[in-house]
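What follows is a pair of complexes built around chain A, which joins chain B in one and chain C in the other.
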Partner chain A sequence: MRRLAELRIRTRLTIIIVMTCTIALLLAGVIIVAYDNHTYQSQKEKSLSAQAKILASAMTASLEFDDSRAAQEYLAQLATNPQIIVAAVYKSNGTLFASYSSSTSVQPPNLAEPQGSRVEGNQVIISSSILQGQRQVGSVYLQASIESLLSRITRYGGIFLLAIGVALLLTLPIALRLHYAIANPIYARSLIEASLDPLITISPNGEITDVNSATIDATGISRDKLIGTDFSNYFTEPTKAKESYLQVFKEGAVTDYPLTIRNINGKLIDVLYNASVYKDEHGEVLGVFAAARDVTARKQAELEINRRTAELQVANQELEAFSYSVSHDLRAPLRAIDGFSLALLEDCSDMLDDMGKGYLSRVRAATQRMGQLIDDMLELARISRVEMRHEAINLSTIAMEVLLDLKKSDENREVEWDVQPDLIAMGDPRLLRVVLDNLIGNAWKYTSRQSHPHIEFGAMSNPEGVTDYFVRDNGAGFNMTYADKLFGAFQRLHATTEFPGTGVGLAIVQRIIHRHGGRVRGEGVPDQGATFYFSLPK
Partner chain B sequence: MAYSNPITLFIALTIAALPCYAAIADKSLEYKVKAAFLYKFSAYVDWPVTAFSSPTSPFSVCLVDSNDQFNATLEKVVNGENVNGHPVVVRRINTVENEAGCHILYIGASNPQRTAQVIEAVHNSYALTVCDGASRGIIDFLIVDNRVRFNIDDEAAKQKGLVISSKLLSLALNVKRRASKTE
Partner chain C sequence: MSEKIILLIEDNPDDEALTLRALKNNNIKNEVRVARDGQEALDYFFGENASSNPVPTVVLLDLKLPKVNGLEVLRRIREDKRTEMQPVVILTSSTEEKDLIEGYKLGANSYIKKPVDFGQFMDAVRTLGLYWLVMNETPSPRQGQ
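Right, the complex of A and B next:
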């Protein structure tokens, strides 16, 4: 039966139909012919016996009244039955009374035969007594030909063979046409061929049994040359390929098994194999069905990512080195400028007039400002690099601390504030402190000209359903037309003379919030106030 | 010529009688056949039920004016036989009356007047009349080609209520068919 499974389905179907038809008709034929033969002879004997008896009854009168001519005339009518060879009537003493024979070569026996019937070759011979009441007045002899058994068998056999031939002639084409509906599902095959993934079936000994066109493209080898060959031949690591299908046979399936196909033109294709065993209707494993997923693009993307990550790391390291050198190398001259300016102010104050002292103060202010700028730049750079923690933080507490600190450093100012309590968010506590330092610090700064400064910190849901935290003040505000410049580094919408600052604060806030995955924006109305919103995803 | 010599007379007489011997020998065979036929007729004729007083009442074969040889032969043929359970009885009668109760009546006389008389007498009975060449009975024997044949008057049989089998009719030389009912 295994060999049957390997033949083409069309051949299988043909064999099945031929065998079934032949066996069925042969069996029927044998049974019918055997039965017929068995009963033919006895049937013929019976029918001829009946004929003999009819003949006998018709002969009684002519026998009794010794009218052999009447008897002869009657017997002559038997010529109408071509099967009757000889018919004869005998008197009670056994002598011939009247007879008929179909040919001159055959003659009836001279004396009456004993009563009975028998079959000789292909003839039936019947001898029957003629009775009048209880007396036997004579006997009738009938000899007829019957078909020989051999010729009957031959004839019926011939008929059945003809029937088989006709049946096959009619059923085979019909079946073969219909077999396309069941055994050659065009739909399923076209799906297999349409698949972009190389599909393949492997026999238990590792030989390829079927491929689709994607496999032919991937390997660069034609279907005929692929089938029957070893699966592992077409990979850069044949041992690994072999192990893969052995694993499928052992465990039933294998997923995302990485291999590299080697095309005949040298091109290498990285793939991930998904494979499983398939079975016949008895649950016997017939082979492995494997699909390859081309992952070359993905691999290249991975390589690219790795490369860029490496580049980034290098860039980061360079930036660290740069920042370090900036913090030292730039500061050193600054310290010198500031230091010596101070020295001049203190030690040579009697040699300087007010204008001179004024100049030196301005120099010092400038250096201090530059120092601040450097610190802020370093801070901005640091913010980008520092490792982030991720924990639950009470923003309200932090906001309160920031406000208290500001109050402590500037006790003369009366500032009202409103802090919504118990606002918990997920993020890095140090970085978020920096955010609130900057935003609330800004609010404090830009309300310095207000008579009744008011700062608010709270949370609300924005139209997208995300929680927005906000810091609101009623200070100087800003013109919304310049809103896009707000978060740019070193961008300021106010002169330093109006409000001090380096313009890096909001850039720092934006960088931190973006690292948390949130968004930040600002709204302002000149001389009325500003509100800054930021969101922190969970 | 004077028959003075008795031996020559004897020889002459014997010679003269020779044909008679032959004739007598032939005749004996003829009687035998006719007697056999007479009995055999009974198998091919149906008598009305009224012809028998009981299921075992005798079947009478009556002989009128028949010779002794014929009688002896007939007695031998029918000895112990029966017709449908009726034992066969042979009776020799001289005068015939209607109530003689004969089933078969054989008239051996060659005298046509006598034959006609007898037949007339049993005209209303159910007797199957058999004659010798007189063409008066239902069945008439005749000799053709040295063989005993017979004619049958089926019309007369019908009038007596007798039914004759077609097998017998087919063997008769001449048959006077009975008139069919639709006539």
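Right, the complex of A and C next:
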């Protein structure tokens, strides 16, 4: 049976129908044979006992006159009936009076048998008394052959086989037709039930004709109570729901029609309905098949995203206002400090000794450094806010421009460089220019004490199969112990006196690369050089 | 048109003093009138006694001003037939790009950021004075009157 279960439903149905049919026919056959055999035997017994009675009445006179010859002659006439094997007449004392045998191999019993009839193998045996009024004058014995059960079954068998054959021939096409009538709806229903989305069929007048268990879960109402009721009852906006299926009947389909299912427990489920009409084989519209997709989670996520976006916008606006204020208000006093320090140095220099002038120079240097820090901080904030474009850009060209600019501003330095040509990446051209400005600018700066400075820009595939762009130099390098500090804002691994800077450059690089969805890392060896890698997703 | 005067619109006295010093140190000896907020600047041009005020050769305009902000002052100057051709140089601490764009949209003739480094500021003022007071030729805004 396990194998049967593995077969296609269509084959299974056919086999089941044919087997049922055959079993029914066989059973009917066996019952008919048994019944027929029974009636045949009792009929034979009846006809034989009637014959025995006729024989008995014919023998009365012969027995009265003890004329065994006449009896013998009468019995001999029984030869005309081939079924009678043995016939005998006994006197009242039970001794044989006259007898007939169809062949010499069979003989009647010597003594009369008690009255009765029985079937013995293929023979019926009857013993009946001969009466003269109330007095028994003798008895009759008849032994007749009947057709055997086997030969009767053999004869019936042919007929049955023929009948079964004809029946099967008729059953097969019926079974195949049943496949469409029964198997298809079963298959379709199992598909409907398999769906995790609430599915529903609606009649042209808006009544629900079928639902799956997901619909039962969504509405909290049983299948029986749903079927036959109006589809639009189960939504927060029945009119809109009604319009949806009317639209389906009118246009053939609707897609992503937003509705809200009201569960009996009060819970609301936001769904998007996709529905279309289904037709019978003649193209007549039978109803609407509608599938709902639960978008409650999606909608909540959307609301959450909107809420956060709004919060972020407020935060951004605040940050912008803050930046604006910083750029104006923080720089004005710095300018005053620097300006009046210079005024002191210039206008009152004769009142100041060298120490005083030295202090004022320090005031000016610190002020200018703070000005630079403010500018860098604003730049860092701007990088995070600025809108990004996405286009294919040639990083090699940008790298060359950066190097040529550096060379122009620092003509006394001899720096060798190596730029791999035509490295194309997707990203924001202005922001990636800032990245290369910083990375190549760093390389330029940190190779300033190197006798043969060399800067390289190129690309390689990293172990994860992602393209890593890199800027490599043979400059001051850094100790990898502090690698985690590289990208922190205002973090520096070198003294300002050694190499100038505010420590914002790499923080800006990291922010830009992160905004592109890429990663950035640095490798360095003190006094041997540094390499900075960054990736940009396609 | 006998004397070229400068109108400095600046609320911060430190910046005012430093600007004046920078002009003086660069040998720009033209008269400098100072308006200390946006309203004062508008009054200079459009107030009751405006007609007695000399027409400035150049206006140095700070953006962040009390009462009426610098961009608004610029807009009013450009709107008025009498002053629409008045040369206006924005001189501000703001490094915000939107201020720069807005300034040019409203018809600023120049936009100069005041650097923290006073040495650089001196250079900027010298160049500015040289350009507007010596090299540049401007039509007389009140010629028609």
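In the analysis below, the second predicted complex is superposed on the first by the 315 of 538 C-alpha atoms of A that agree within 3 Å, B and C clash if a C-alpha of one lies under 4 Å from a C-alpha of the other, contacts with A are read in each partner's own complex, and residues count from 1 in each chain.
Rule of thumb we're sticking to: a residue touches a chain if its C-beta (ideal position, glycine included) is under 8 Å from a C-beta of that chain, and two chains touch if they have at least 3 such contacts.
Only a predicted model underlies this, so the values are computations on that prediction, with no experimental measurement involved.
Applying the stated contact rule after C-alpha superposition, one finds that A:G458 touches neither chain B nor chain C.
In the superposition on chain A, A:R335 contacts chain C only, with no contact to chain B. In the superposition on chain A, A:P109 contacts neither chain B nor chain C.
Shared-chain residue A:G94: touches no atom of chain B or chain C.
Set against each other, chain B and chain C differ in how many residues of chain A they touch, and the higher count belongs to C. In the superposition on chain A, A:A61 contacts chain B only, with no contact to chain C.
Look at A:A70: by the touch rule set out above, it reaches chain B but stays clear of chain C. By the touch criterion stated above, A:G220 is placed in contact with neither chain B nor chain C. Overlaid on A, the two complexes show chain B and chain C touching no common residue of chain A. Put simply, chain A touches chain C in their complex at residues 323-324, 327-329, 331-336, 338-343, 346, 364, 367-368, 370-372, 374-375, 378. Listed in rising order, the residues of chain B touching chain A in the complex are 33, 37, 40, 43-44, 147-148, 165, 167-168, 170-171.
Chain C makes touch with chain A in their complex at residues 12, 14-15, 18, 21, 25, 63-64, 92-96, 114-119, 121. Against chain B, in their complex, chain A makes its touches with residues 58, 60-62, 64-67, 70, 132-133.
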